[in-house]
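In the two complexes that follow, subunit A is the common piece, with subunit B as its partner first and subunit C second.
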Partner chain A sequence: MDMEELFNPESIAIVGASAKPGKIGYSIMRNLVEYGYEGSIYPINIKGGEMTIKDRKFKVYKSVLDVPGKIDMAVVAVPAAHVPQVVDECGRKGVKVLPIISSGFGELGEEGKRIEQQLVEKARGYGMRVIGPNIFGVVYTPSKLNATFGPTDIIPGKLAFISQSGALGIALMGWTILEKIGLSALVSIGNKSDVDDADLLDYLEKDKNTEAILIYMEGIKDGRKFMQSAKRVSRKKPIVVIKAGRSERGARAVASHTGSLAGADRIYTAAFEQTGVLRAFSISEAFDWGRALSNLPEPQGDNVVIITNGGGVGVMATDACEEEGLKLYDNLEELKVFANYMPPFGSYKNPVDLTGMATAAEYEGALKTALAHPEMHAVVVLCCQTAILDAKDLADVLINAYTESGRKKPLVVAMVGGTEFREAINVLNENGIPTYPEPERAIGSIAALYRWHNWKTKEQVWRRP
Partner chain B sequence: MDMEELFNPESIAIVGASAKPGKIGYSIMRNLVEYGYEGSIYPINIKGGEMTIKDRKFKVYKSVLDVPGKIDMAVVAVPAAHVPQVVDECGRKGVKVLPIISSGFGELGEEGKRIEQQLVEKARGYGMRVIGPNIFGVVYTPSKLNATFGPTDIIPGKLAFISQSGALGIALMGWTILEKIGLSALVSIGNKSDVDDADLLDYLEKDKNTEAILIYMEGIKDGRKFMQSAKRVSRKKPIVVIKAGRSERGARAVASHTGSLAGADRIYTAAFEQTGVLRAFSISEAFDWGRALSNLPEPQGDNVVIITNGGGVGVMATDACEEEGLKLYDNLEELKVFANYMPPFGSYKNPVDLTGMATAAEYEGALKTALAHPEMHAVVVLCCQTAILDAKDLADVLINAYTESGRKKPLVVAMVGGTEFREAINVLNENGIPTYPEPERAIGSIAALYRWHNWKTKEQVWRRP
Partner chain C sequence: MKEEALEVIERALSQGRSSLVEYEAKRVLKAYGLPIPEEKLVENPDEAVEYANEIGYPVVLKLMSPQILHKSDAKVVALNVGTDEDLRKAWKEIHNNAKKYKDDAEIIGVLVAPMLKPGKEIIVGVTKDPQFGHALMFGLGGIFVEILKDVTFRIIPIEEKDAWEMIKNIKGYPILTGARGEPPADLEAIVDIMLRVSRLVRELESYIKEMDLNPVFVYPRGEGAAVVDARIILENH
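Moving on, here comes the complex of A and B:
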């Protein structure tokens, strides 16, 4: 069954729509309107009448059955007790996908699970797919769709994010905005009564707007199904997973939180390794990797070159490279070319140290050289804030040099410093160059790219170092 | 020999002072004036005359020998070739400490090392201590002293930071401002020709304004001296070290960068473990720990309580606790008290899940309970951004509850979300509550406190997990 209507619906009904700020049914309406969704929007509320959302007037229907046109997606935000009737009406209306925001089902225990299963069976009988229940909605930036009650201004990009946790997922929507992480899709799957991780992987595999997939996962119900999908999709697009409940006590906490069985963690570890899934151990690590994986091309070889203006960060990056199993290019004859961009006391050994005298011009020369050199396959640019290096200039020359080169090699940047540097980091990230505030995070991210690339090309299990 | 004059000089000469923005000799003058140093400032420049810095007029002396009053500290920022003469004049003037900003000495090789050693011998002959050369200066916030050419607005606090690397150190000055990390002192020690890490540890051990010490280190010359000092100081104040050059290739890069021998890394590891020094593996980790160690009291027992509004982050924190060897309190009878601050579907098992329904009021009740309970020894507060939780309100109640309790137990906070949450993180940090944007960093930081505490009280080696 296809899920095209989850990402590209031509019309959406909000069941439980409200004009009252603070209500979930209001936030979803507001996000749909503000984010610029161009299809038809039908607010549904038993009270009927009209409502005005952000200066746009809507007729309110008492039931989806009263809507004159077709409805592709119905977002359900009514109390749990009313959900069964809504599912029935949506089915009769011919709705295709049903994100159920409402909570109060499987997460409460056995009785809730039973009701939840009945809803799914009813929906399936009508040919509908259910997302959730117990979710915060769905975003698909290419169709300007933000049908969530989270923040509005999701940044368009090429990373798809799937979250089992509602609270964390909605908090992470804010995180992606703050950190300038561009998303193609964001799907909250909550109790996974019907649509699960594997279904979404199958869709996203073919989605031309998605280059990498990040999943926050607490547990999987159908392990075999997930592994089949993950293994196939990983060959085309990298998958990053944060799987909470690694520890024994953490696994017990998962069980009490979602009611899903966290399972022995080593089974997950083995499954991820076999299917090429990259397992991150924290939120920032997952998004660091997702940022690199969704923006960068695959490397055409193992030789990494580090360009720096500070010996200290160069050493830190070297440590991280060795720990991550990355290979630093060390053909001194070829590296000599970098001597053109440094004073006599610089070092063209890799890490290439342009010294604290480097301005944007020296970085530009060195980066262009590395991007053009056939034996240099990936580039790491590091810089420490100095009095003579203008952060904005540096961001500009890096963006221009990388774009002019056709963005054919992986490039990551780390900029260590204060406010101006943090602003430059944002500019670089907004322009698709993965940039971090410290060397280890840049190296960790390009290492994730290599890890996936090596799994994919050599089908070998590359364990987390 | 005492180094009181490095931190509390009554008068400072800037040799190589300049009124021209962009010059190092200008930046140091500007920082001294802007940061509010209240002692005498004497600009020294061969040209003589007068100079105006930020509306303040100074008579410029051609030599320190021409200055009428005494000079405690002379900051030397003239080309390397002129340094020997300056050292001589400073000695004759009776200067006590001599931070030599100038580069072009030991970092260039054997000949440079020889000249450097001669300078030190000459200075010692006069009873002067040399800091550097090849440094960016010194900050001591209690005496409003910022004698660096880095950023001005260093935030006062209780963490002392010692940096061997100039470029990285100056970039990290900006980092501390951005991340709201309060410093007592910041000393750039560069080539360590005279004053080294151990000398500064000895001073900072007794400094009542310093609660924790962070060192960025590339190599140590006198290992025995460092170990003696570190072991003694660690019993009173925690020491965090970032020691670059962990890997074989990193160690070689250090040698080419500073000319100092990085040494076999396992020797450093053993030395740190034996002396209670906490070794961090990245900049953010070091400052995360430094933030907690400089602000928090020691725990009076092992029982950690986690209070959260999201199951997902609770599980992530639980994983991190188990990996870090922290003990989650699990006396269910006592934990039941938290049921007062949650809806019926919340969970008072540790992690205590107030659920997504929690407002600042529920957090306040739960935190006060934990802070008052005799069996709960350390508290971790986690929260995910939700529609009903006001970040500013939350920050206010946490600060008030913690202050009212007398700040007798360690408390760390993690707030996951967007812009408003990031602002609340800053507010909490400005108020001395170590707060982070994700659970793992909060747990890692309180774990560093426990690691130090356990080393100190049990003298046991607690290895990095």
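Moving on, here comes the complex of A and C:
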């Protein structure tokens, strides 16, 4: 199934476009214009005339059928009652994909589901794919496409985000901006009447701008279809799922012992484990992992090295490694080299403690050493705010050292401190080095990378115990 | 193997039943090569005595009735029966208990089986999820499953890799590998059971709704396993 037009449309119609701020049809127009979409934009509104959005003048068409050129994608933002007619007109016009923003369908109950299904059948008859209904739109940063009524300035990156929830999805759009999380795509799939998680996974698997996929999921209709896609995609790109509704269906009538133990959530867990999907249990965890997975290369071995300026965070990180099953590199002969970057009372035992005397220069030396050492496969840099450590300098040396090394090994950073440190975290994240305000979150994220890597390896070569 | 299993299932369905009694469930399992102990369904005490002498005492008697799914609740199982005389006594007792439990319970017969030597108890089960279809469950038996719910699931079909992972995923895994100086359990036998159940369910997908192999005794490495009790709930046809 081809969904090229959802991500790279050459022309877009906004059905229900408006020049009035506060209207959904306005927000979508504004986002398309402001985010710099370069294809043709056709506002459609029964009133016709002209409209000006951010100093750009548009002719308004009364129907997609009046538009002179072809339309790849039509974003539908009219009241539910008008949607069937719009679907017909779009079909006749030869539109390829139809994100239906409008709500008032399957989410209302059986009758809504029936109407929704009729729309899908109608669309299929024209060879058109439906996204939604009940969605907030689509973003694809490589084609400067922001066809949503959410925030505008999505940061380009390599993480694709699929959201079943509308309100939470929009909220998280804003959150990714604040947290400096770069996205390749963001697709709101709402009621999933036609295009579902599996269809998008199939597309994103081949999308060269996407390195990792994050799904906010409430439920899936066809579990087998999802598993088939997820298992294939996981062999190439990591998938993180945050699955809401863990407590559903507590009291299903079952006759067997097994049935009584098998709440829906355990079945989801099983399906995720079988297909290499990483399950996150909170929003911050999901995006922490997504940040690492979309930016970092796979590790070439198990040995993790922690470089720190504080014993406390070092111990906390060690505990987290233990819990996550990560292996701290422990060849003392080789670790001795770190003594060059610490005072005599420092400790080169892993976690390598540069001590509170460390400045950006010591971090630079230690990081370069770790990145160059053939037996050190992944690096965790921890820093506590001190009087002599300049956060900005530190961010600079870390970015330079990592870039010079060719970014061949996974590197995560945790910076614990105040305002200056927070700014440095943003700078590091903007430069593609996953950086967190707490050591456990850094470890958790690199552990997610290892879990996916290990699953993938096991898929390729598995030996009977 | 499918034909043999189907024959048992079709017969139960034709009688308007939605579950198989232990004897039938075990025939279905046996058709797929699962380790079912030698046992026989008999209709009268003389036959029971004859078979008990053939396999040697002690034996177990289990009364088979489509209306009695929970045999221990109804007290229709007699364990460790040692002599001809004890057997005849037990025969009467389990029939009386069945009547007390459910007056009009239809009795298919009595299963006579050897008293198995105890092994590590495990449970292997199947459930059907509306979105994912059939899933396989594995756990340690007894209190581990009852109280701790220490079980793990995989969607069917499973691969051998999945079966090994399931075994290792449960918290009680060290109990199987030989905790406190006990010999390690026959993990290969458990894997074999899981793979066979997966195959069975795949081939009989439209008939099977849920299934419990509970308990299964697992013996020390190299000595195999035995399905002690089994239950199959059928899909309404």
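To be clear about the criterion, the second predicted complex is superposed on the first by the 443 of 465 C-alpha atoms of A that agree within 3 Å, B and C clash if a C-alpha of one lies under 4 Å from a C-alpha of the other, contacts with A are read in each partner's own complex, and residues count from 1 in each chain.
Everything below uses one rule, namely that a contact is a pair of C-beta atoms (placed from the backbone, for glycine too) under 8 Å apart; a residue touches a chain by one contact, two chains touch by 3 or more.
In this text, all values refer to a predicted model and were calculated from it rather than measured experimentally.
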Based on the superposed arrangement, let me know which partner A:Lys458 touches: subunit B (first), subunit C (second), both, or neither?
second
Taking the superposition as given, does A:Lys221 touch the first partner, subunit B, the second, subunit C, both, or neither?
second
Spot which of subunit B and subunit C makes contact with more residues of subunit A, would you?
B
Have a look at where A:Pro151 lands relative to subunit B and subunit C in the superposition and call it first, second, both or neither.
first
Subunit B and subunit C footprints on subunit A meet at residues 254, 256-258
Show which residues of subunit C lie in contact with subunit A when the two form their complex.
19, 69, 123, 125-129, 131-133, 135, 137, 139, 145, 149, 151-155, 158, 160-162, 164-165, 187, 209-212, 214, 231, 233
Going by the contact rule set out above, which residues of subunit B touch subunit A in the complex?
22, 24, 27, 108, 149, 151, 164-168, 170-175, 177-178, 216, 218, 242, 244-250, 253-254, 256-258, 281-284, 309-316, 318-319, 321-323, 328, 345, 347, 349, 351, 353, 356, 384-387, 416-422, 437-441
Interfacial residue positions of subunit A with respect to subunit C in the complex
219-224, 227, 254-259, 261-262, 264, 266-271, 273-274, 458, 462, 464-465
